[in-house]
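The chains carry the letters A, B, C, D and E, assigned in the order they are written, with residues numbered from 1 in each.
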Amino acid sequence: MQSPKLLRHAWTVASKDLLVEFRSRTAILSAAVFVVLVLVVFNFGRDPTAVSNVDLAPSILWVTFTFAAILAMNRAFQLELENQALDGLLLAPIERSSIYLGKLIANLVFVAGVELIGVPLLALFFNVRVLPYLGPLLALIALATIGFVAVGTLFSAMTTRTRFAELLLPVLLLPFMIPPLSWAVLATGRLLAGRPLSEIVGWLNMLAVYDIVFVTLAVFLFPATVNE
Amino acid sequence: MQSPKLLRHAWTVASKDLLVEFRSRTAILSAAVFVVLVLVVFNFGRDPTAVSNVDLAPSILWVTFTFAAILAMNRAFQLELENQALDGLLLAPIERSSIYLGKLIANLVFVAGVELIGVPLLALFFNVRVLPYLGPLLALIALATIGFVAVGTLFSAMTTRTRFAELLLPVLLLPFMIPPLSWAVLATGRLLAGRPLSEIVGWLNMLAVYDIVFVTLAVFLFPATVNE
Amino acid sequence: MLLAEGLRHSFGAVRALDDVSFGVSSGQTLAVFGPNGAGKTTLLKVLAGLILPQRGRAQVEGGRRAIGWIGHQPQLYGQLTVRENLRFWASLYDVPESEFLLRKDSLLGRLGLQDHEHRRVSELSRGLVQRAAIARALIHDPRVLLLDEPFTGLDRMAAEELRELLSEDAAEGRASVLVTHNVDEGAELATHIAFMRAGRFAHFAPRAGRGPQQVSEDYRNAIA
Amino acid sequence: MLLAEGLRHSFGAVRALDDVSFGVSSGQTLAVFGPNGAGKTTLLKVLAGLILPQRGRAQVEGGRRAIGWIGHQPQLYGQLTVRENLRFWASLYDVPESEFLLRKDSLLGRLGLQDHEHRRVSELSRGLVQRAAIARALIHDPRVLLLDEPFTGLDRMAAEELRELLSEDAAEGRASVLVTHNVDEGAELATHIAFMRAGRFAHFAPRAGRGPQQVSEDYRNAIA
Amino acid sequence: MRMLQVGRWLTAIGLVLLAGVYVRALSYTPVEQTQGLAQKIFYLHVPAAIWAETAMILVGLASVFYLFTKDPRLDRFAAASAEVGTIFCVIVLTTGPIWGKPIWGTWWTWDARLTFTLFLFLLYVGYLLLRGAVPDPAMRARYAAVLGICGMCEVPFIHLSVYMFPTLHPMPIVLQPGRPKLPGSMLTTWLLSLGVFTLLYVGFVVQRYALSYLREQLEAAGEVGHA
C-alpha cells in the first residue's frame, strides 16, 4: 500500500463528492432544516419550569448530528448509483481503501458542516453557554463523529451493491453506532453542566480508541466489501 | 373533475409507490433505525432525577415523526426521478391532482408506518403510559401528520423540477411545518400529562382546520406546479 | 393530427428550437434526422407537452391520452416487474382489464418478452428494457407516436419487429414522429423527412420514394 | 493481452455466461454480436473485473489500469462539467497534468465537444453525453478497450470519428472487445468475430476479410 | 414613467406624515404609565405588523386571481406587495426587540408570537428567492402564485397563535373582537399612524410595480435583441 497515493486518491474522491454536494446543496439544507425543526419542537415541547435547558441540550445536539450522519451516509453511495459511476470507481486502478477513505472524508466534512450550524443554533435557541467549554466540546464532537461515521460509511458501502444486505444495514449498524453515541451524550452532558474536565477524560479516551480501532479496521476491511 | 377517477388514479399512483418501497424497504428501515437511535440518545442523555419521562416524550415523538416525514417526502419524488418515470406520469391523461393525492397517500402511509413503530417503542423505552390516552393520541398524531405532510408534498413536487428551487424547499417548508408541529407537541404534552381532554380540543380543532385548508389548497394548486 | 407552429425554446444561452413549424396527419410518419444537440429530443418533448415552448404552439389531436412516447429513458420502475409496470401505466390510461390482457400478451409476444414478464426491470439487459419501454408506450393503443431513438439497444430481430409494428400502426392511421441517427432504420418507414440542425429544420419534405442511400446523401448535403 | 477461460456466470436461474473462452492479442479487435440478453454485457463486466465469474478466469494484461471501458451508462457525474469529470477520472488514473491537458484537448476536439467542455453533463443531449463518456474512457490512454455498444446515440459524424479513433488505437497495438448490434458499424473494425447466444459463443473466428454483408449472413445462420 | 413618479411622491408624503405622527405621539399623546417612553414605539410596531400580515394576504389574493386570469399585472402586484411586506416585517422584527429589551429585559425569546413572526419573514424571503430562482416567466408566476396562496392561508394561523400558546407578547388590543381597549388620544394617534403606513404601503407598491414593469420590458427587448 503506497500511502501518499492512497491519500491523494482518497482526497480526489472526497473533493469530487464535496463539489457535487456543493453544486446541489440538497443534503446540507435538509440537515439544517432538520436542526431548526428539532430545536423548535423541543422549544415548544419543553415546560421551562420542569426541564432546564442544560439537561436537554446534549441529547438534542446528538440527535441532530445523528440525523446528519445518516443523511451523509445515504448520500455518499447514493451519489455514485445515481450517476452510475460506481462501476467506474471500482474499475479505476486505485486502492479500494482510498474509495472508503474518500467517502469517509466527504462524510466527515458534511457532518462537520452540520455541526458547525447546529452548535451555535443550539446556543442561541436554548440559551446554553457553550463558549467556556468550546475547546473540549469540539474535541468531543470530533472524536465521537469520527467513530460512528467511520462504521456507518463502511456498512453503507457494503450494502449499496448487494440487495439483501440493504435490509440488514440498519440492523448491523445500530450496535456499532450506539456505544460512541451514548458516550458522547453522557460526556456532553457533564461538559455543559460545567463539571471538571477530568470527569470526561475517560470517555474521550474511549472514543479515541474506538475511532482508531474502527477506522483502521474499516480501511483494511473495505476492499473485502467490493468484488475483486 | 371526475372524482371517482381522480381517486382511482391517486390510488394507482400510491399503491405503486408503496409496492416499490415494500420491495426495497430502505426508507422505512432508515426511519426505524433513527427512531431507535433517538430513543437511545435521550435515554442516555437524560438525568432521570432531573428530567421526567413525560416531559420529554412529546418532543422525542415529534422529532422522530418529523424525520420520517422529511424522508418520505424526499423519497416520493426521488423515486420518479430515479426511474426517470416523472415524464411518463406527467404525460399520462390523468388529473394532475391525482398525482399529488397519490403521493400524499403514499407519504401518509409511510409516516403512519413509522409512527406505528415509534409510539410503542417510546412507551417501552421511556415507560410512558400511552394506553389510557391511545384514542386521542392517535387522533392527534393523525391530524398533525396530515397537515405537515400535505404541505411538504406540495412543495417537494414544485421543487423537483427546478434546479435552483431545490435549494429553496427547506426554506419554503419551514414556515408551514412549524405551526402544526408546535401545536402537536404542546397537545401531546398535555395529553401524556393526563390533563383533561377539553384542554387539547382547541389544538385539535386548529389542526383539523389546518389540514382541511392545506389539503384542499394543495389539491387545487398542484396542477399549477406542473407544466400544462 | 399533430401540428407545430413557430416553436422556439432556449435553455439559457442554448437555442434548442428556433422557429420550427410542421404538421403530420393520420397515417403519416415524419422521420427527423440531425446531429447531436440539434434539438430533436427537445422538439419531441415540446410536442408531447413535457416542455412548454417559449414561443409558438404545439397541438396533438386527442390530447395527452392520444400520445405514445418512447424517450431516451425507459420510464419503467426497476423495482417492479415488466407486468407490474405495464399494468400501472395501463391503469393510468384507463385501459380496461380485458383489453389490457389482450394487448399486453400480444405486445410481449411480438417483442419477445414472454419469458421476462415476471422479472424485475432492473434485472433485464439493456435491449430487453428497451423492448419493455416500447410495450409500455403502446399499451394504450395511442393514435400519435413520438419516438426518440426507439431502436437503441435492440437486436436485429427486435428492431425488425419494431419496424413492422410501426408500419402496421401507420397503416391503421396513426401519425408518428421518429427520431433516429440510423438512416437505414428510419428512412423506409417515413412518409416525410426532416433534417434538423441547430434548432431549425434545414429540410422538410415528403420522402417521395427515395431510398436510404439517397436520403443519406440528402442529409449530408443539407447538414454540411 | 486479454484472456478468458471457461467463464460461467448465472444470475439466479438465468445463465448469462456459459463456458466462454477466448483470447485477444495486441492490435486485435474482437466484435461480439448477439441477441438481447445473450450475455454480452455480462461478458464485458467479467473481463473488466466488475463481476467475479462463478467459474473460470478472466485476465487482462496490465490489470485495471490498462482497461478503458464504455458501458451502457456514461459513468459521469451530471452535476459536474465535462472538464471536471475528465479531470476527476484522469487523476484516479494518475495521468500527469500536462498529459491530461494534451489528451483532453485532442479528445474533445476530435469528438466535437470543445464548445461543451464547461457545460454540466446533465445539460447535454444524449449523444453529447455519449461522446463525453468516450473521452472519459480514453483519457488515460488504455491498452485494452472494452466497449459495450459505444455507438449508441452518436450522430453519423461522431460515429465515423469513433471508428477512426478505434482503428488508430488498433494500429497502435491496443486490443479491444466491441459489442454492438449494428453489423455495419462493427464488422469493419473487427479482426475477429464472435456470435453469442444464451451465454455461449456460437461462433468465434477471424473475420478473414469478410464484409458486413457476409458477416450479417453468417450471424443469421449462427443464431437461427 | 408616470407611475414610478406617483409612487415616489406617495412615499415621500408618507414619510413626512410619519414624522408628523411622531411629533404628535411624543408631544401630544399621554405617556403610558408602566412602560414610559418605550411605549412610543407602539405607533411604529403595530401598524407595521398589521401591514406585514396584510401584505401577505394581498399577495395571496392577487395570486388567486392570477391563476384564473393569467394576467401578468396581478403577478407583478403580488411581487411588489411581497417586497414591501418584507420591509414591514423587518420593521416589526427590529422595533419588537428594541421595545422588548426595556420591557422584558431581553431582546428575544422563543415564544410563539415572536417565532411565528420570524417565520413569516422567512416565508417572504422564500417567496422572493423562489421568484429569483425560476427563469421562465410563466412558470415563475405560477410557482409564486402557489406559494403566495399558501402564504395567505398561513397568516390567520400566525395571527391566532398568540391565543394558543403561553406567550410574553401582549394579546391583541386593537384588532380584537369587541371594542378596542385603548385610551382615546392614543387610539387617535395610532389610527393616524395606521393611515400613514397604508399610504407608505401604497407608495412602495406602486414604485416596485412600476420598476418590475420596466424590467420586464427591458428583458423582452433584450431577448428580441439576441435573436
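Everything below uses one rule, namely that contacts are C-beta pairs under 8 Å (C-beta built on N, C-alpha and C of every residue); 3 or more make two chains touch, one makes a residue touch a chain.
On a predicted model such as this, the values are computed, not experimentally measured, just so you know.
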What is the minimum number of touch steps required to go from subunit A to subunit C? 2
Of all the other chains, whose mean CA position lies farthest from subunit D? E
Rounded Å distance, subunit D centre to subunit E centre (Cα mean): 63
Report the inter-chain centroid distance for subunit C and subunit E in whole angstrom, where each centroid is the mean of the CA atoms. 52
Centre distance in Å when subunit A and subunit B are each reduced to the mean of their C-alpha atoms: 25
Using mean CA coordinates as chain centres, what's the subunit A-subunit E distance in Å? 42
Mind pulling the residue numbers of subunit A that touch at least two other chains? 24, 40, 44, 82
Out of subunit E, which residues touch more than one other chain, so two or more? 112, 115, 139, 165
Which residues of subunit C are in contact with two or more other chains? 52
Where on subunit D does subunit C make contact in their complex? 11, 14, 34-37, 41, 72, 112, 116, 123-128, 130-131, 149, 152-159, 181-182, 184, 219
How about subunit A: which of its residues touch subunit B in the complex? 24-26, 29-30, 32-34, 36-38, 40-42, 44-47, 50-52, 55-56, 58-59, 62-63, 66-67, 70, 74, 82, 166-167, 169-170, 173-174, 177-178, 181-182, 185-186, 188-189
Would you tell me which residues of subunit E are touching subunit B in their complex? 67, 112, 115-116, 119-120, 122-123, 125-126, 129-130, 133-134, 139, 142-143, 145-147, 149-151, 153-154, 157-158, 160-161, 164-165
Subunit E contact footprint on subunit B (complex, rising order): 151, 154, 158, 162, 164-165, 167-168, 171-172, 174-176, 178-179, 182-183, 186, 202-203, 206, 210, 213-214, 217, 221, 224-225, 227
Subunit A residues touching subunit D in their complex are 5, 8-9, 12-13, 16, 19-20, 23-24, 79, 82-85, 87-94, 227-228
